[in-house]
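Given below, in the form of structure tokens, are the structures.
Here chain A shows up in two complexes: once beside chain B, once beside chain C.
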Partner chain A sequence: MRRYLAHAITRGGSAGPAEGLRGQPLRHISAGEVGLWATEWQGDATLARSDALAHHDLVAAICERAPCLPVRFGTWLATEDVARRSVAEGQARFAAAVDRLGERQEIAVTLLWRDASADRDPTGGDAPARGADPTAGTGPGRAFLDRKRTAHTAIDDRTAMAEALATRVRAELVVEPSDVRQETCPSAEVALSLSLLVRKDGAGALRARAAMAVADLPGVRGVVSGPWPPYSFTEDLAQAGVSGGS
Partner chain B sequence: MSGPGLGPLAALPDEELTVLDLVDRLLNRGVVLTGEVTISVAGVDLIYLGLNVVFAAVETLAQKEARGR
Partner chain C sequence: MDRDDEIAALRRELERVRGILPERVDVDPEGLEQGLAKLVLTLVEFLRQLLERQAIRRMDGGTLTDDEIERVGLALMRLEQKVEELATAFGLDPADLNIGLGPIGTLL
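Here is the complex of A and B:
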């Protein structure tokens, strides 16, 4: 069965990579002002991690040739007509977003708790550990509520600490608020996930500054990644294009 | 890289964390096309490998398993 796996949207029909995922044909499906790059797929459509990384490589290669919008991985379109219609429906905002992104890339900054236990002081303090019962000797209901309150307080403390770390990192990097996407405590082990939008010619310098900014933060380990295509900014910019925002 | 007190993710090498971070973005961000589109994320093998999606995915799988019983 033939179908299309979407990769990226560009303006017009700029030259693209030679082939799509798993050596299958890469197609450019034109839809007015913009076009969709997609692998023309034959056979089993079960995707794996290696396909996700190959999709990333392909999107990066497309974005090197021309400003582009990455499409979320795993987007299948049943036929070429369906693909064309799907892109044509949003062509004005896609075109505006492509123009806004221009020559820009994304740097990722992630802070991981060194101690992932949520009810423990992440800086290694003396807060009770999970399972510790500070109310030994009281009734089981009271002890349960006290443990729950302790855990909630620890989570609140951890969120406050993550936000303080975010403020500190952002202050050191001096980036425009519109060029940052921030999530604090998106999961138990992640304190902060920052995505920074930067011009291609400034990506190396920003990455180096980010690495310095997270090198010695209390209670967390910092990892700086990228530059990548601007995955975290496509939808926001597309929406801004519709509303006429800056 | 690993050591006493480190969480499972914090104990991973930088390269692996970068891949996890990237897979997160590939799965959760980027243009969402409308129309006759299906998001196909097939199998535990892929879903388990993101930083932020990992817990939601595990929860979803657990719910599916529970419903299937």
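Here is the complex of A and C:
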């Protein structure tokens, strides 16, 4: 069965890489002002981690040649007509987004808790919970709620700490709010995930400033990654305008 | 927290969820059953956590008797166990019961 795996949107028919994922044909599906780069896929559509990395490399190669919008990995189009129609319906929005984002890249700042276990159930299920009334009955129902209260308090404390760190890092980096995507505590290990939008010619400088800003923060270890195509800023476009057709 | 505050808090949570749930479900025949189970169990777990926080607030506010605390706690504990059992039965890791909400994070 043939289908299309989307990679990026560009204006017009700029030149692209020679082939798509797994050596399959890379197609440029034109729709008015913009066009979609997609792998023409034959066979099993189960994607692997290696495909995600190959998609990333392919998007980077397309974006090197011309201003482009990366499309979220795993976006399938059932047929060429569906692909063309999906892009055509959103072409004005996509063209505006290419103009806004095409010459920009993304830097990722991640803060990892040094003690990632602190927001798991701190009582281990047995110890007396913070805030518990020691004179009250301790049946299994009350003990359950006491444990949960302690766990919620720990999570709330961590979230407050992560938000304070985010405020501090953002203040040091001085970036426009519209150029930042922020997630606090997206997982047990991660305190903060920041995606920063920057012009290509300023990416190196922002990366260096970000590395300095996170070098000595309490309780966390900072990791700065990128630059890469601005995936975090185009995902909503991809979801809204280019939908899966599997 | 009085009853009006509790209702207002619940309404805010429901408004938040209504605005973020996906409008489409990816209908893949092979993964439909597991995908549907994940969606339903995630929503059940979301509501269970909402009730859990509410029960803790009321426990701390002194508006529940010892007997009520015990019964609510037991009910929530058993519901948590049941969600985990069902998740496992559908080949899901209970830790994966969540919905990505794009730029604003995850539901749980």
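Just so it is clear, the second predicted complex is superposed on the first by the 204 of 246 C-alpha atoms of A that agree within 3 Å, B and C clash if a C-alpha of one lies under 4 Å from a C-alpha of the other, contacts with A are read in each partner's own complex, and residues count from 1 in each chain.
The criterion applied here is as follows: a residue touches a chain if its C-beta (ideal position, glycine included) is under 8 Å from a C-beta of that chain, and two chains touch if they have at least 3 such contacts.
Here the structure is a predicted model, which is why all the values come from computation and not from measurement.
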| item | value |
| --- | --- |
| Touched partner set for A:R142, first chain B, second chain C, both or neither | second |
| Partner chain in contact with A:P25 - chain B first, chain C second, else both or neither | neither |
| Contacts of A:P218 with chain B and chain C, given as first, second, both or neither | neither |
| Broader residue contact with chain A after superposition on the shared chain, chain B or chain C | B |
| First (chain B), second (chain C), both or neither touched by A:G12 | neither |
| First (chain B), second (chain C), both or neither touched by A:E183 | both |
| Touched partner set for A:G204, first chain B, second chain C, both or neither | neither |
| Partner chain in contact with A:T234 - chain B first, chain C second, else both or neither | first |
| Touched partner set for A:P70, first chain B, second chain C, both or neither | first |
| First (chain B), second (chain C), both or neither touched by A:G102 | neither |
| Those residues of chain A which chain B touches in one complex and chain C touches in the other | 183, 186, 232, 235 |
| Chain B-touching residues of chain A, taken from the complex the two chains share | 6, 9, 45-49, 52-53, 55-56, 69-78, 82, 85-87, 89-90, 94, 106, 108, 110, 112-117, 124, 183, 186-190, 193, 195, 221, 223, 225, 228, 231-232, 234-235, 238 |
| Complex interface listing, chain C residues touching chain A | 24, 26, 28, 52-53, 55-56, 59-60, 66, 69-77, 102-103, 105-106 |
| Residues on chain B engaged by chain A in the complex (per definition of touch) | 5-10, 14, 17-19, 21-43, 45-46, 49, 51-52, 54-55 |
| Footprint of chain C on chain A - complex, ascending | 131, 136-137, 139-145, 148-149, 152, 181, 183-184, 186, 232, 235-236, 239, 243-244, 246 |
